[in-house]
Structure formats: C-alpha cells, structure tokens
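What follows is a group of structures, each given as structure tokens.
Here chain A shows up in two complexes: once beside chain B, once beside chain C.
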Partner chain A sequence: MGTFVELYDGIMELLVVLFSTWALAPWVRGVLGGLVIGAVFGGALVMVYLERKFLGDIQSRIGPNRVGGRFGVLQLIADAIKLFTKEDIIPAKADKWLFIGAPIVALTSGFLMVAVIPFDLLVINGKEYAVAVSRMDISILYLEAVSGLAIFAIFMAGWGSGSKYSLLAGFRNVAKMIGYEVPLGISIISVAVMAHSLDIVEIVQAQSTLWYIIAQPLGFVVFFIALLADVGRIPFDQTEAEEELVAGWATEYSGMRWGLAFFAEYLHAVVGAFIITLIFLGGWNGLPLIGNLNIPGIFWLIAKTIMVIMLFIWVRGALPRYRIDQVIDIGWKVLIPLALLNLLWSTIIGLIWA
Partner chain B sequence: MIDLQIIPFAIISIIMIGSSIMVVKSKEVVHSAFHCVIAMMSAAGFYVLLSAQFVAVVQILVYVGAIGVMILFAVMLTTREQEVES
Partner chain C sequence: MEIIDTFIPVAIFLIFGLVIPLAIMFIVKQLSPRSKSPVKFTTYESGSVPSGSANIMFNVEYYAYAILFVLFDVELLFLYPWVTVYMNDVVLNNVPNFTTIFSVFAMAFFMVVVLLGLVYEWKKGVLNWVK
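Entry: the complex of A and B
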C-alpha cells in the first residue's frame, strides 16, 4: 500500500511541476481538463452499465449477459453501434432548431458542471493544489446556476418535437423544476453557511472533522430528494413517464440524438452524485473516526460517489413513480419548509461552532 | 496594440444584439422567449469579461434559471392563435 501512495503522490508532484514550469501550461491544463471530462463521461457510461445490472438484480432478472462475456460488459458498445447506424428522423411538424438544439444544450450543461468538480486537494511544497479543471471561489453557486440550464434542454425537446406527448412532458418539467430548484438552492445555502464558503474545496476541507450528513441530516434528505427530481430519476421522472406520455420529451427522438439526450441525463446523475459526495459525505476525506487509511483522497471520493449512484439505482428499483400533482405538492408543501428549517438549524449550529 | 479582449467582446455583442432583435422579430412566442434567454446569457458573458464572476453566475442563476423559466412557464400557459382557429 505504501509504495502505491508514493507512486500517486509522485505522479501528482510531477504534474504540478509541469504546470508551474512549462511555458505551455495552459495547453497542458486544457488537455488534462479534457481528460477529466472524458473520465466523468466514462463514469456516466459505467453508471448505465451498473444501472442495468444492479436493477436486474433488484428485479430478479439477469440483466445484460450476451455481449462481451457472461456479464455483458460490451452491451453498451453494441447499443452505441445500434444507435449510430439508425436513421436520424426529424418529424415534419418539428421545430427544427429547437429539436436539434435540445441534446446539445443538455450535454453542454452537463459538461460545464464537470469543470468545477474538485477531485482531491494536494499539498506539495507547502502549496495547495486542487485537482480540478478550474477552481472558482463560488463553484457551488456556479454548479447550481449551470444545472438550471438543463431545464431548457427538456423544454426545447418538448416544444420542438411538435408532438402533444412531448409538449406535456416539457410543461411538466418546467412546473416541477420551479418547485424543486428552491429546496435544492436552500440546502446548498445551509451547507455554505456552515462552511463559511461557497468554494467546494473549502466546503470539503470544513468536513474533515464532521461530515455534513451528520451535522445536518435533514439537509441531506432534502437535497437528495430535490436532486433526484432535478436529474429526473425514477420517483420523479414524470417527464418521461412511459405509461402516461409514451416516452415524454424523448418520444420523437431516434438514433444518436436520443442516445445523446439520454446520456446527458446520466451525466447529470453522475455529477449530482459527485455533488452529494462533496458537500454532504465529506468528499475526499476518509471516514470520520478511522481517517483515510493512507488511501489517496480521489479514491475515497470515487468510492463514495459509486455508493451514491448505487443508492440512486436502489431508489429507482424500490419506489413507484409519483403522480405529477403529488410531485408538485411534495416540492412546495414538504421540501421547502423542511429546507428552511434546516437553514435555521445549520445557521444556529454554525454560529455555535464558530 | 489592440486589446485581445475586443474579440470575445465583439462575438458576445453580436450574439446579444442579434438575439435581442430576434426577441422582437420572432413570429413564435416561444422563439422570442428562447432568444430572450440567450440575450440574458450573453450579459453573463460580459460580466465574465469584466472579471466579475459572482455577478455572472448570479445573472445566470436569477435571469436565466428563474426569470427565463418563468417566461417559458407564462408562454406555455397562454394559448396560441393557431390552436384557437383549428
């Protein structure tokens, strides 16, 4: 184990030296940023596979088991080939630009969110380096702002498809989002109040003694539910309810356009899992009492994120879908008061601590 | 020597003016709403150029995330003329 940690530290130190001395540092940073974004992209692919396999287990099925050996590892590649070779259909009644733009906006919003996610904090020669594409003072606010752009993607898809089902899904999405962005924002505020910072790196550093899931469990519950609604996963996926709206906003999409829109949703879910891990589950810190056991922080972060993703899948397998009016009710009448209560609680606790 | 910042400034200005004109010119109300959102986002771009990141992010959060969505919500609750005729 020791040599492994040394290897990791050595690689990171080399990178830092490269950054600080090489004249082309911005370009190197750009390439590495691309790599990080590619890694999260790959993470979303892993999530699709995990979801199929784990959901299969929950529902007493086998899941993918034909392509790529017994565990169906290559099923996704087969699906991608299928999607790429399908005909690209744009309905005659569609609003062409909105229809084409929707998957692009969805993916852009997902990738913009990846840019500020920090993966680790390294202290080399007494200086701190955050392992992130870009470190901002207000990164958590930026995440909240950029994730809001995904609403437009779904509305564009819903309106642009020129189909009644898609339109209904777009309406539902906007109605749902107005209710759920508020508790999401308030629980982020309560975390920021407790950490005295809007920078995710500092929020994670503030959790080195106590995770915020212990300090404000109510905030975690509210944030988790609001995030599920935000990324549109199952108890809150009224925008693509199969039984009611065929496939919701994705009804008219086919081929790779559908693939990209679908994939953007998984990207949002993965980024959401990262955010939960970072602001409530201690990020790259180890377990509260045990410490980090000499394992590099990035592995803790990824392990916790995978746990959160499994929780998403578990929730999807275990719960039925709510009706749209129930969803709006939960958002306005339950989550927002609870979020405000949690804000009060975290302010008091934060003051006592400080 | 010309400040290189003029290039992103010019690009954002063109996008902003163009989309602002389209807000007025569009036949479809929804297109106006989306162009309005684009104009608001280019305002955020100006703030970034002025290195006021916080204002830029709040611009996106409030104007794009909240007001833009509200405009869309209002648009979707109004009936279009074509639908009334048919």
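Entry: the complex of A and C
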C-alpha cells in the first residue's frame, strides 16, 4: 500500500511540476483533457452496465449474461458494434439541422461539464494544485450554466424530429427543467453560502471537517431530487415515458445518433453524481472521524461517486414515474419553498460557525 | 491572462464536443448499410400514416412558467456574487458601512420580496398545471 501511495504521489508531482512551469500548459492540458473525457465516458459505460445488471437483480432477472462470460461484461461492446453498423436514418419530416445538432449539443454540454470537475487537491512544496482540466473560481456556476445547454438539446430533438411524440416530450422537458433549475440553483447557493466560494475546490476543502450532507441534510435531499429531474432519470423521465410517448424526444432517433444522445444522458448522470459527491459528500476528503486512511483523495472521490450512481440505479428500480402535472407541482410548490428554507438554515448555521 | 488560461481548455473541449460526434457519424456512414425506401423515412406514429404537421403551436400557459422562471433565475444571479463577498475579509475591510449582518439582512429582505411574488402567483393559481 505504501509504495502505491508513493508512486501515485510521484506521478502527480511530476505532472504538477510539468504543468505549472510550461507556457503552453493550457493548450496541452486541454488536449490531454480528452483523456479525462474518455475516462468519464468510460464511467458512463460502466454505469450503463451496472444499471442493466442491478436492475436485473432488483427485478429478479439475470440481466446481460451472454457476451463475455457469465456476467456479460462485453455486452456493451456488442451493443456498440451493433450501433455502429446500423443505418443512419433522418426522417423526411425532420428539420435536418436541428435533428443532427441535438445529440451534438447534448454531448458538448456533457464534455464542457467534465472540464471543470476537480478530482483531487495536491499540496506540493506548500502550494496547492487542483487536479482538474481547468480550475475556475466560478466553477459551480459554470457547471450549472453548461448543464443548462442540455435542455436545448432535448428541445431541439423534440422540435426537429417532426414527430408529435417528440414535440410533446420537448414541451414537457422545458416545463420540467425550468421548474427544477431553480431549487437546484438555490441548493447550490446554500452550499456556497457555507463555503463562501463558488469554486468547487474550495467548497470541497471547506468540507474537510464536516460534510455538507450533515450540515444541511435538507439541502442534500432537495439537490438530489432536482438533480434526478435535471438528468431526466426515473422518477422524472417524463420526457421519454415509453408508456405515454413511445420514446419521447428519442422516438425518431435510431442507430448511432440515438447512441450519442443516450451516452450524453449517461454522461450527464455520471457528472451529476460527481457534483453531488463534490458539494455534499466531501469530495476527496475521507470519512469524517476516520480520516482518509492514507488513500489518495481521487479514490475516495470515485468510490463515493460510484455509491451515488448506485443510489440513482436503486431509485430507478424502486420508484414509479410521476405524472407530468405532479412533477411540475413538486418542483414549484415543494422543492422551491424547501430550498429557500434550507438557504435560510445554511446562512444562519454558517454565521454561527463563523 | 489567467482567465484566458482557464478557458483555453474549455475551448478545446468545445471543439472536442463538435468533432467527436461528427467523426463517429462519419465512421457510421462508412460501416452502415444503405437502402432507400420512402416508407423508411416516414414519421413514426404507431404504424398508421402520420396525419397533419407535428410543429403545432403550444399552450400559452407555458409562458406563465417561463416568466416565473426568469424571475427566479435572475434572483439567483444576484445571490451568486453575494455568497462570495458577504464574508470576504477584503470586501469587509475596504467597503465602508458593509458588514456581514447588514448584507445578510439586505439579501433576506430581497428574498422575502421575491417570495411574496411566488406566493402571489401561487394564490392566483398560475402554478396549477391542470386548470
């Protein structure tokens, strides 16, 4: 264990020294950041596999078990091959550019979110370096802004498909999203009020003594529900309710174009799990009282993120879907007052602490 | 300069976001079979022939929600800068008559005003999806 930690520290120190002294560093960081995109994309793939496997368990099925041994670990590769070799169909009634653009906007929004996610904070020679593709001092605001782009993607798909099901899904999505962006934003502010910063790195550092899930449990509940709605997972997947709208905004999509939109969705879910971990579950800090047990922070972060992803899957397996009017009601009449209450609570607690 | 350094990787990611889907679709174009028939390009409507245009006008009620959303989102935008300054030592020491308690109460007053707006809309029934 000791040698492993030393190895990790050595590699990180080398990278930090390289990037802090090199004039071209931002460019290279951006290009190498592609690897981070790849890693998070891989995380999204793992999530798809986990979801199929665990949903199978929850519903007393086996789940994927044919491709790649007993546990079907190669199922996704088989699916990818299938998607790559399927015909690309753009319906005659579709608005071609909106139809093509929608998955691209969704993916781009996911990629841009990955750019500011910090994975660890290293202290080398007394200076702090965040392990992130780009460190901003407004990163949580930036994350909220670029995640908002995904709303356009779904509306583009809904309007551009030229199908009634898609259009209804697009309407529903806009109505749902504008209701849930507000509690999401207020709970983010409640966290920032305690940390006195909009920088995720500082928010995580402020949690080194106490995680914000303990300091403001109500905020966590509101944020979790709003995030589920934001990434469009059950019980908030009215935009692709298969019993009502065939496949919602994705009705006309097929082959790889559908695959891109689908992966964009999972990318958002994974990034969302990262955000929950970072702003409520202490990020790369170890467990409270126990400490980080000499394990590098990035492993804590990833372990907690996997836990959150499991929670997403569990929620999907356990809960039915809300009706669209119930969704709107919950957003405006329950979550916003609760979020404001939590903002009051966190401001008072923050003042008492300081 | 520092801000530019921060956003260069973001710009590169933007390019990734545009190029990667196009590259994937290019690969798909090479691999996928091609067979054209007019039926294949019709809109899906549970097997029957689609009737009418899908690009319908939408319910004006959406606007009530949209305006409410704008109201709340602009309010949130005021909160974002506030959280960074209300306990910042540099600001507290250099801005005359600015104290943490004062700014918290000012923001609380602002929130109460906005909350009154929400309560008013609620009582008016704008928040009811099914009228």
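Heads up, the rule we're going with is that the second predicted complex is superposed on the first by the 344 of 354 C-alpha atoms of A that agree within 3 Å, B and C clash if a C-alpha of one lies under 4 Å from a C-alpha of the other, contacts with A are read in each partner's own complex, and residues count from 1 in each chain.
To be clear about the criterion, contacts are C-beta pairs under 8 Å (C-beta built on N, C-alpha and C of every residue); 3 or more make two chains touch, one makes a residue touch a chain.
Quick caveat: nothing in here was measured; it's all calculated off a predicted structure.
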Open item on the list: For A:D9 in the superposed arrangement: first (chain B), second (chain C), both or neither?
Closed with: neither
TODO: Report for A:I104: first if it touches chain B alone, second if chain C alone, otherwise both or neither.
DONE: second
TODO: For A:R257, decide between first (touching chain B), second (touching chain C), both and neither.
DONE: second
Open item on the list: So in the superposed three-chain picture, is A:M156 touching just chain B, just chain C, both, or none of them (first/second/both/neither)?
Closed with: first
TODO: Report for A:E128: first if it touches chain B alone, second if chain C alone, otherwise both or neither.
DONE: neither
TODO: State whether A:T347 touches chain B only (first), chain C only (second), both chains, or neither.
DONE: second
Task: Partner chain in contact with A:G179 - chain B first, chain C second, else both or neither - done: second
Task: Dominant contact partner of chain A by residue count, chain C or chain B - done: C
TODO: Classify the contacts of A:H196 with the two partner chains as first (chain B alone), second (chain C alone), both, or neither.
DONE: second
TODO: Mind working out whether A:T85 is in touch with chain B, chain C, both or neither, as first, second, both or neither?
DONE: second
Task: On chain A, positions contacted by chain B and by chain C - done: 136, 138, 141, 159, 171, 174-175, 178, 181
Task: Complex contacts: residues of chain A adjacent to chain C - done: 25-27, 29-31, 33-34, 37, 83-94, 103-104, 107-112, 114-116, 133-136, 138, 141, 159, 161-167, 171, 174-175, 178-179, 181-182, 185-186, 189, 192-193, 196-198, 246, 251-252, 255-257, 260, 324-325, 328-329, 332-333, 336, 340, 343-344, 347, 350-351, 354
TODO: Name, in rising order, each residue of chain A that touches chain B in their complex.
DONE: 95, 98, 136-138, 141-142, 144-146, 148-149, 151-152, 155-156, 159, 170-171, 174-175, 177-178, 181
Task: Complex contact set, residues of chain B against chain A - done: 28, 30, 34, 37, 53-54, 57-58, 60-61, 64-66, 68-70, 72-73, 76
Task: Residues of chain C defined as touching chain A within the complex - done: 4-14, 16-18, 20-22, 24-25, 27-29, 31-35, 38, 40-46, 50, 53-56, 58, 62, 65-66, 68-69, 72-73, 76, 79-80, 83-84, 86-88, 100-101, 104, 108, 111, 115, 118, 122, 127, 129-130
